[in-house]
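Below are the structure tokens for one structure; questions will follow.
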Amino acid sequence: MRSLFVGRFQPVHKGHLFTIKQILEKGEDLVIGVGSAQYSHTPDNPLTGGERVMLIKRAILAEGLPIERVDIIPIPDIHIHPLWVAHVKSLTPYFDKAYSHNPIVSSLLSDAGIQVDSTKLLERSRYSASHIRDLIRWMKSDWEDLVPAAVVKMLKAYNIDKRIQRIGETTLKR
Amino acid sequence: MRSLFVGRFQPVHKGHLFTIKQILEKGEDLVIGVGSAQYSHTPDNPLTGGERVMLIKRAILAEGLPIERVDIIPIPDIHIHPLWVAHVKSLTPYFDKAYSHNPIVSSLLSDAGIQVDSTKLLERSRYSASHIRDLIRWMKSDWEDLVPAAVVKMLKAYNIDKRIQRIGETTLKR
Amino acid sequence: MRSLFVGRFQPVHKGHLFTIKQILEKGEDLVIGVGSAQYSHTPDNPLTGGERVMLIKRAILAEGLPIERVDIIPIPDIHIHPLWVAHVKSLTPYFDKAYSHNPIVSSLLSDAGIQVDSTKLLERSRYSASHIRDLIRWMKSDWEDLVPAAVVKMLKAYNIDKRIQRIGETTLKR
Amino acid sequence: MRSLFVGRFQPVHKGHLFTIKQILEKGEDLVIGVGSAQYSHTPDNPLTGGERVMLIKRAILAEGLPIERVDIIPIPDIHIHPLWVAHVKSLTPYFDKAYSHNPIVSSLLSDAGIQVDSTKLLERSRYSASHIRDLIRWMKSDWEDLVPAAVVKMLKAYNIDKRIQRIGETTLKR
Amino acid sequence: MRSLFVGRFQPVHKGHLFTIKQILEKGEDLVIGVGSAQYSHTPDNPLTGGERVMLIKRAILAEGLPIERVDIIPIPDIHIHPLWVAHVKSLTPYFDKAYSHNPIVSSLLSDAGIQVDSTKLLERSRYSASHIRDLIRWMKSDWEDLVPAAVVKMLKAYNIDKRIQRIGETTLKR
Amino acid sequence: MRSLFVGRFQPVHKGHLFTIKQILEKGEDLVIGVGSAQYSHTPDNPLTGGERVMLIKRAILAEGLPIERVDIIPIPDIHIHPLWVAHVKSLTPYFDKAYSHNPIVSSLLSDAGIQVDSTKLLERSRYSASHIRDLIRWMKSDWEDLVPAAVVKMLKAYNIDKRIQRIGETTLKR
């Protein structure tokens, strides 16, 4: 049994890890799809797809979870919902089931004949990547409690925290 | 004489039919362009392009209008306005004139040397697809007065009303 | 029961019509997908998608076939095979079955759980759009036997035969 | 020494010219990148890329600046920030340095190893293309003080001021 | 030290594994980029990107290599060479060096300031994915010597060998 | 009067310059469209769009032609012929007439209502960019007679001649 779990992981946090652990503990192998993978350097998507793959892997290894049972796959957005499930399937190892808490994702998956399951969630307003990006922007150090320690360390080592602050709410348009 | 009429038809309603009838009654054949055709399963574009073609045709047949004088053509968005008229022309049978009440569409068409005409409109705030989607979401049954009976029947038979409710205002981002 | 039949129709010929008739005679409604719809003005794709819709419709009407049982839908190429079936489904009215003589198309359709059927074919080397384009280029008038009379008339009236000759085998690159 | 300066120039105004002069006076040749070049006929991007090239050149010539030291290059948006610097470099003559006041642009450029410099600015809230478009829409003639006289003349001669008014805040969706 | 190695892996064979082993034995971690990842079901690209990820991982595990030191990342083609390095970097974990035997890839990488290294190769005409696809098409069983046993088993279990035969040299065009 | 002249300029040669001079001598201003502008580092398109802009400008200046009467505009390929004229018009200053010796380009331009003119040509088989690339690949120095001296110098100074040799006939596929 292999299951799919898709997120944007901007950045990966303890809520993601909580979901990942539950799925692995049920004995299901896991394909982690990193959504909007082509984007970076925007307020909502500060990290590149590759950076997110790197952080997720580090978090899994630091937690002592079995990395050989996990695939981490960047999934670029195609912006055309009716093709999205076919797109995800073409880029990922075969999976039997998918996890999602988002009604559109669930509805696209189940319309395509894929069983949708769910996990327990940590407190959703705190363990939210959008909330964590805001805390980083406002220079509030309590974001560090919401993110795995190994990830905090990498975000600082690679100055990704500074990138999040600098980009703030501006956009590329001059 | 063949005329173009472009809309998104999310969903088709009696206002659309009112326009279609006026054009046919003037003796003009009709190309109905179904805009944003590649999109579906979003709050603003819940139906697929193909579903919209299917509903428009059903509405025309149910009304007893001459389907052999009508072409119904899905037009995907290209998101680049200065190419839009060339794009529409490449996907549609030849037409001599176009109908539009939107100032950008009118301006693109007339800049490309195409004559732009208009029709009388039903009360615009009521006969509006956006208003109808809201009524469906709020479970107000009076949307059924605004949509041709044959279309109401199909929207229910294919559970498209339920899709509109489920998608609500969420987006694909996890 | 509604069936899908996809071709490029560059141009529509009697072989296409032979297939269309067989399907309608079995009592199945028909969605005709016009493939590579965005292309035109190349040696392999001289006609626009819209011109092909127009010619197919004319051929069907001239033949006295029931146009109200037929949808003619331009399908732009997306060039990514694993998304192609989802793409076709999103642009077309619901269909239950598909016709194809091409092994890749058949394999994509049946992998997506769609039943694939076939029809009898006219002599394939003669009733071939590629052969017909060559005859037009070589100024051999016998192409007119291979194409429905109503279509021959339109190809000449709109100077599309001349376009095919002029474009020949050159390409856009200067 | 050749420097890059990217803007959208919707439309070109005296603030742009002030920057261009400073760079040329420092003895640096100049590549002017016209961003979002493929867009036009929207409220934020009313002019085509080609119109903007034409207006910038006219402004430079009218000012008596050395056009032979300037390249004016349309740069279409690609909407994928991590590829943007490579995209700009592929479309422009070689440059050694770039000017920008936008933090994302600066950060993308410097992450790619390109030196980022800046110039003095005219009062930013007045000399802003967005402000100028608003003045044109509200029919306030004082926009003419903010734009080089040669550009004012062209905007009127080609009815671009009228296009800006007509498009207003509507969008292409019917 | 982390190194990049890009291939199309249609399918993965012993030559790929020979390269992978050499890199790991030098003590370098490895990012395996699966090129042309969005394509499948064509004569040159029969397997999906996801299937190739799955096969590479299986081959690595079967060989007893340290999977925790390897990332396997699908890289869709963008078809614009001057953006390719930025594209690869945006989708992959940070890498310090790259391996390639292809002169264009090497030249793009080194122009972007990335060190390019190479490995010893198995006999190139035999250990070639294109040669292996031909052997499968011609039903010659000796392809099985060129591919790791675990991969042979999966190709058969999932009927991918049959897909390669069926697709042959035809194309999607009807 | 302003005229359009489109080419790929891979690289610019004396035949191009011969055409440019004839047009300027007729008193027409000139928009030079650099086609396939997004491509580089392939056997057919070795130079970037920006490099080609740079070389064309240098050739014009070295020849003492009036650069203020010339615009040099990169035009990315869109690969959809029926949209091509609208695409070119959106990226270029207004033009009244176009020059082309290619039948498809001529036919697209004149179908769009644009007057097509032509110039005298230098001996076409010699003054051909494709022939010049071959000479460079085969290390035959006589290519230097076919290219303006100022361009020869830049091609060597920037090692573009070496890039053409190195890329040869290989492709990006591993």
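So that you can tell them apart, the chains are marked A, B, C, D, E and F in the order they are listed, and the count of residues begins at 1 in each.
Basically, a contact is a pair of C-beta atoms (placed from the backbone, for glycine too) under 8 Å apart; a residue touches a chain by one contact, two chains touch by 3 or more.
Note that the coordinates shown come from a computational prediction; the quantities given were computed from them, not determined experimentally.
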item	value
Rotation in the CA alignment of chain A with chain B, degrees, nearest 5	120
Pair in C-F, B-F or A-B that repeats D-E, with over half of contact pairs matching by residue number	B-F
Same or different residue numbers at the chain A/chain D copy interface, by half rule	different
Centre-of-Cα separation between chain C and chain A, whole angstrom	44
Separation of mean Cα positions, chain E and chain A [Å, integer]	26
Inter-centroid spacing, chain E versus chain B (mean Cα positions, whole Å)	46
Two or more partner chains touched - positions in chain D	38, 40, 48, 80, 82, 89-90
Interchain contacts, given as pairs of chains that touch	A-B, A-C, A-D, A-E, B-C, B-D, B-F, C-E, C-F, D-E, D-F, E-F
Touching residues on chain A, where the partner in the complex is chain D	38-42, 48, 163, 166-168, 170-174
Sites on chain E touched by chain D in the complex	80, 82-83, 85-87, 89-90, 113
Chain E - residues contacting chain F, complex	6-8, 35-36, 80-82, 84, 100-105, 107-108
For the chain E and chain A complex, residues of the former touching the latter	37-38, 40, 48-51, 53-54, 57, 61, 67-68, 71-74, 76, 89-94, 158
